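Structures are listed in the sections that come next.
Below are two complexes that have chain A in common, paired first with chain B and then with chain C.
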Partner chain A sequence: MFRYLVRRFLQMIMVFFATTFIVYALMYWTGGDPIQALAGEKPVNDVLRAQLTKEFGLDQPFLVRYWNYITNLLHGDLGNTLVGRPIKDVLADAWPITIQLAVIAIVFTILFGVTAGVIAGIRRGSIFDNTTLVLTLIVIGIPSVVLAPLAQYLFTIQWKIFPTTAGGNPTLWDLLLPGIVLGSLSVATAMRLTRASVSENLRADFVRTARSKGMPGRRVIGIHVLRNSLIPIVTFLGVELGSLMAGAIVTEGVFNIPGVGYQLSKALRTEDTPLIIGIVSVLVIIFLVANLIVDLLYAVLDPRIRYE
Partner chain B sequence: MTDIHVSSSSSPVVGGGGRHLLEVKDLYVEFHTRDGVARVINGVSYHLDPGETLAVLGESGSGKSVTAQAIMGILDMPPAKIPGGQILYKGENLLAMPEEKRRQVRGKEISMIFQDALSALNPVFPVGWQISETLRTRAGMSKKEALNRAVELMDLVKIPAARARVKDYPHQFSGGMRQRVMIAMALAMDPKVLIADEPTTALDVTVQAQIMDLLGDLRRDLNMGLILITHDLGVVADVADRIAVMYAGRIVEHADVRNVYKHPAHPYTEGLLDSIPRLDSKGTELATIKGLPPNLMRPPTGCAFHPRCKYAKSVCTTETPLSLDLGHGRTSACHFAKEMLDGTLR
Partner chain C sequence: MSDFESVAATELHTATPGPAGNPNAPGQPHTLEVSKPRSASADAWRELRRRPLFWIALLITAVVALMAAWPSLFTSADPTSCSLSNRMGLPSGAAIFGYDVQGCDVFARSVYGTKNSLLVGLGAALVAGLLGMLFGVTGGYFGRWWDVLVSRVIDIVLGLPLLLAAIVFMKRVANSGGGQTARLVALIAVLGLLGWTTAARVIRSSVITAKQQDYVHAAKMLGAGSGRIMWRHILPNALAPFIVIITMALGSFIAAEATLSFLGVGLLPPSQSWGIDISNARLYMRENFIPLAVPSTFLALTVLAFIILGDTIREAFDPKLR
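Let's turn to the complex of A and B:
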């Protein structure tokens, strides 16, 4: 176990360097002209350009710039955005909102996706099963660029149940509809995964054993089947939570939520290279940690898994 | 030897009690599938008394396991359907019981162990937890009491270092030890009947003998009735009192174990016996029964065995043989059972 953790940790370090390097390289070679982007429409005179180039270190060779960035990062300094705001502050404002959004989405997924999946798995071929299968197919088929504005139109403009946009300092209520929209894709996947897992385990030999021990049906399903079905579901939910933490560019954009996805899309639009790299670096770390936790949880849920 | 009774209609008399511990009477089971109806059990009758071992023998698909699952009440219905018959436990018809009452019988009165203990045990719970599950949920024991009892049961089935291993998971045991765990689990509620469905098929030959010995000892010590389902004639000789040979959902021969080995009264039994490898006939080709078991969606006319029978006559293709009483509780469902016994059948 200890050796496994050490190995995973070393892998994570390598993945971190590789991804940040690739992102940095991509931004370096395709990044357009950041100084012009900073100035917007106005022309930039040569003196100012020279001064800014020196200030941001744009005249340095690529490897030197990457090295400087990494050493600063390891000291906890993410640098400043092009307009001079510390990236740390930008993230400190955006992440709590994104985390709330992610938690709403996951809770919604568990509440509806997993529950519906369990019922559909038990009653395979029933009306409930077929209806939910068709519904999930529709949800999976609609991209969020369509689903988000559609939900916004129906629930906030047509029926006026939820606030239309979230704005600067969103409350949990403001985030509820965006969270549900964000979670709906996970709901569909979770439901199908749960259904498959439950119906497979229902046919397992150990279920027959539990029944022949005279266990009542609810215990056979609630303990023997569910405990086994949980293994792939928890894995899925863990990875899903990890990617939801990365923010949702479309959903946050549509509902005007100043989360990580919103900041990232803004940074892309304004060609704010330091901010893009800063956000992506932290995203990589979050994703790696989430995956490690999922793998460890997997070993807890399934005693057959042993990490050597 | 045990009093033998086969024909289902007459009332049995055993040890003055007047009824058997377990009695299957003229049982029918069919499976309704998209492709049609498969009649997998066609009028099976057998019985079992305390302390006795009945071996149910037959190829895969002969209905031996399905009969056992019908006794346990763990057939999936649908697709399975039981259009006729009775299963009497201590005189009460299990098939007529409400499900809740039936559930109380399962595991407590009649218990079952399965072929592949690795898949029959739940992979995510420790063996002690699984052995003690019935004790906690049905016998009202505390967690600690139940776990102590689980250790005792593991000692009973001769699992070494039981106390140290009670929290281990099924995959951490060897095949033979896993089957012992299964047996310990089945014995937790002191059942009166133990059904063992091919308990040694998935095991090494040396381990097979150990498990069979264990089952025989437990049956004697606990005075249980044991139904031993197998396709292996070699396994049953030492342990069984009586043998019921099944073919295509019927019992084709039912007799005292020694009689069967000496003089089979049904061509199918003879075929099974001939296909056991023997040391004294080394070098000669092993005898087999030609052909395949019948498709139960479209069973052959007459005797279901006639397409594979080396003695088949024209009557066999048209008329289904009835179970013929040969005396001493012995029956055979062959038109020429008497000739078989005389050795005059050609």
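Let's turn to the complex of A and C:
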């Protein structure tokens, strides 16, 4: 286990360096003139240019600049946006909102996806099973650029149930509909995963043994089937939490929620390169850490899995 | 988008045939009255033929393909001739879904947008399929340091969420200028380069299973070269899950193109794209919902058709589900 942990950790570090390097290289290597971008339309005189080049370390070789960026990143210093606001502050304001949104999405996924998956898995071939299968297929097939505006139109304009946009300081109620929209894609996947894993476990030897010992059906399902089936689902939800934060960009944009995804799309519009890199780096780190935790959780949840 | 990645990945748990459930494994028991054993693909085809969902999905993809090739068959209106006097015009004989905020024919714009979506989807699926096949087969077959290298590269690409990485790549393309064709090619390259990993993983695991089979050893002993063994004996085993992954990936690439164009980093006007139309119409949906609904329906139906196609093929090839 310890050896696996070390290997997995080293692997994550390698992936971290490679991904941040790719992102950094793409944005900076030949990405135009950052000093002119800072000045906007105004011409920059030579003295100012020399001063700024030195200040931002642009006179140094690319690899040195990357190294500086990484060390700053690891110290928690993400630099400033083009307008001079520390990126850390931007993220500090945006994170709580995106996390709330992701939590709503995950809770929604568990409530509907996992429950429906368990029922469908137990009653395979029933009307409920077939209906949910087709429904989940449809939900998987509808991209969020369609789902988010559609939900906004139906539930906030046509039937005025939810607020149309969240605005500056969103309450939990404001975030409910966007959270559900964000979670709907995972609902479908979670449901299919649960169904497959429940119906697989129903045919397992240990379930047959439990039944032949005369154990009541409810106990067989509750103890033997469900607990074994939930292992892949827990890990799926862990990975999903990471990717939901990245996936929130469309939903947050449509519902005007000032979270991380919204900041990212704003940065894209205003060509704020440092902010784009900062947000993407942090999201990649979260994604990697979530994957690592999930891999380790696997061993904790299922003692049968032993890592060499 | 990364969500689709995970969808495809979870489908794999059921799509990847284990040693016991390998659809092409020889000597699979068949029904008694059949004297000559049918091949697994013939079995799958019989299964597919009976599914109405498969035919519906196939019909939609056929219509979409036709629309991309000859848009003028579906509409006589010119999507680029817009007149502000038609602004938000309601559906009429001249324009069946009316006009958008710029006075362009809503239906014509969506019909002509099909081409770009399908081009990006097909192109990216082709790139991803070729890369996935190349690295999956060679990594699984040769093993050793090459497999380690391939697996690490896959880890790195998977470490970048598809949508985020595509945004950064496309932003880079935007900085370097370039016309509409350049952006289209860039989109294909970016999505293909980021989307091959799932296919490679599936193929790699199938190859590792197939490599141990007796017929591969037999072929090797008879003197077949590595290339021939990989192409003739190992690849066909991995083909069914590969087709499923690529079909579903095609749908998700189309969705990714629309999402990127929606965010303003994919195709840009004056290119025609459903994502651009959705993003424009969204702002005026209180005034008129139709300009939003039409491209949304086109996009959702197309993506859905490819996902359903992949899903039904997967079910047909999975003996456990019969």
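The rule is short, and it goes like this: the second predicted complex is superposed on the first by the 274 of 308 C-alpha atoms of A that agree within 3 Å, B and C clash if a C-alpha of one lies under 4 Å from a C-alpha of the other, contacts with A are read in each partner's own complex, and residues count from 1 in each chain.
Everything below uses one rule, namely that a contact is a pair of C-beta atoms (placed from the backbone, for glycine too) under 8 Å apart; a residue touches a chain by one contact, two chains touch by 3 or more.
Nothing here was measured: the structure is a model prediction, and the numbers come from that model.
**Q** Is this a clash or a fit when chain B and chain C both end up on chain A?
**A** fit
**Q** Applying the touch criterion given at the start, work out whether A:Leu185 contacts chain B, chain C, both or neither, answering first, second, both or neither.
**A** second
**Q** Is A:Asn228 in contact with chain B, with chain C, with both, or with neither (first, second, both, neither)?
**A** First partner only, chain B.
**Q** For A:Ala210, decide between first (touching chain B), second (touching chain C), both and neither.
**A** first
**Q** Could you look at A:Arg219 and tell me whether it touches chain B, chain C, both or neither (first, second, both, neither)?
**A** Touch status of A:Arg219: first partner only.
**Q** Where does A:Ala18 make contact in the superposed view: on chain B (first), on chain C (second), on both, or on neither?
**A** Only chain C is touched by A:Ala18; chain B is not.
**Q** With the two structures laid over each other on chain A, which partner does A:Leu150 touch: chain B (first), chain C (second), both, or neither?
**A** second
**Q** For A:Pro303, select first, second, both or neither according to whether it touches chain B, chain C, the two together, or no partner.
**A** Once the two structures are laid over each other on A, A:Pro303 reaches chain B alone.
**Q** With both complexes overlaid on chain A, does A:Val250 touch chain B (first), chain C (second), both or neither?
**A** second
**Q** Going by the touch definition up top, name the partner, chain B or chain C, that contacts more of chain A.
**A** C
**Q** On the overlay, how many Å separate the closest CA atoms of chain B and chain C?
**A** Result, nearest C-alpha distance in the overlay: 8 Å.
**Q** Residue numbers of chain B touching chain A in their complex, please.
**A** Where chain B meets chain A, its residues are 72, 74, 103-108, 111-112, 114, 116, 119-125, 133-134, 137-138, 169, 171, 182, 185, 189.
**Q** For the complex, give me every residue of chain A touching chain B.
**A** Listed in rising order, the residues are 204-206, 208-216, 219, 224, 227-228, 231, 301-304.
**Q** Quick check: in the complex, which residue numbers of chain A touch chain C?
**A** Residues 11, 14-16, 18-19, 22-23, 26-27, 30-32, 134, 137-138, 140-146, 149-150, 152-153, 157, 185-186, 188-189, 192-193, 196, 232, 236, 239-240, 243, 246-247, 249-250, 253-254, 264-265, 268-269, 276, 280, 283-284, 287-288, 291 of chain A touch chain C in their complex.
**Q** Residues of chain C touching chain A in their complex?
**A** 1-3, 5-7, 10-11, 13-14, 53, 152, 155-156, 159-161, 163-165, 167-169, 171-172, 175-176, 251, 255, 258-259, 262-265, 275, 278-279, 282, 285-286, 289, 292, 296, 299-300, 303-305, 307-308, 311
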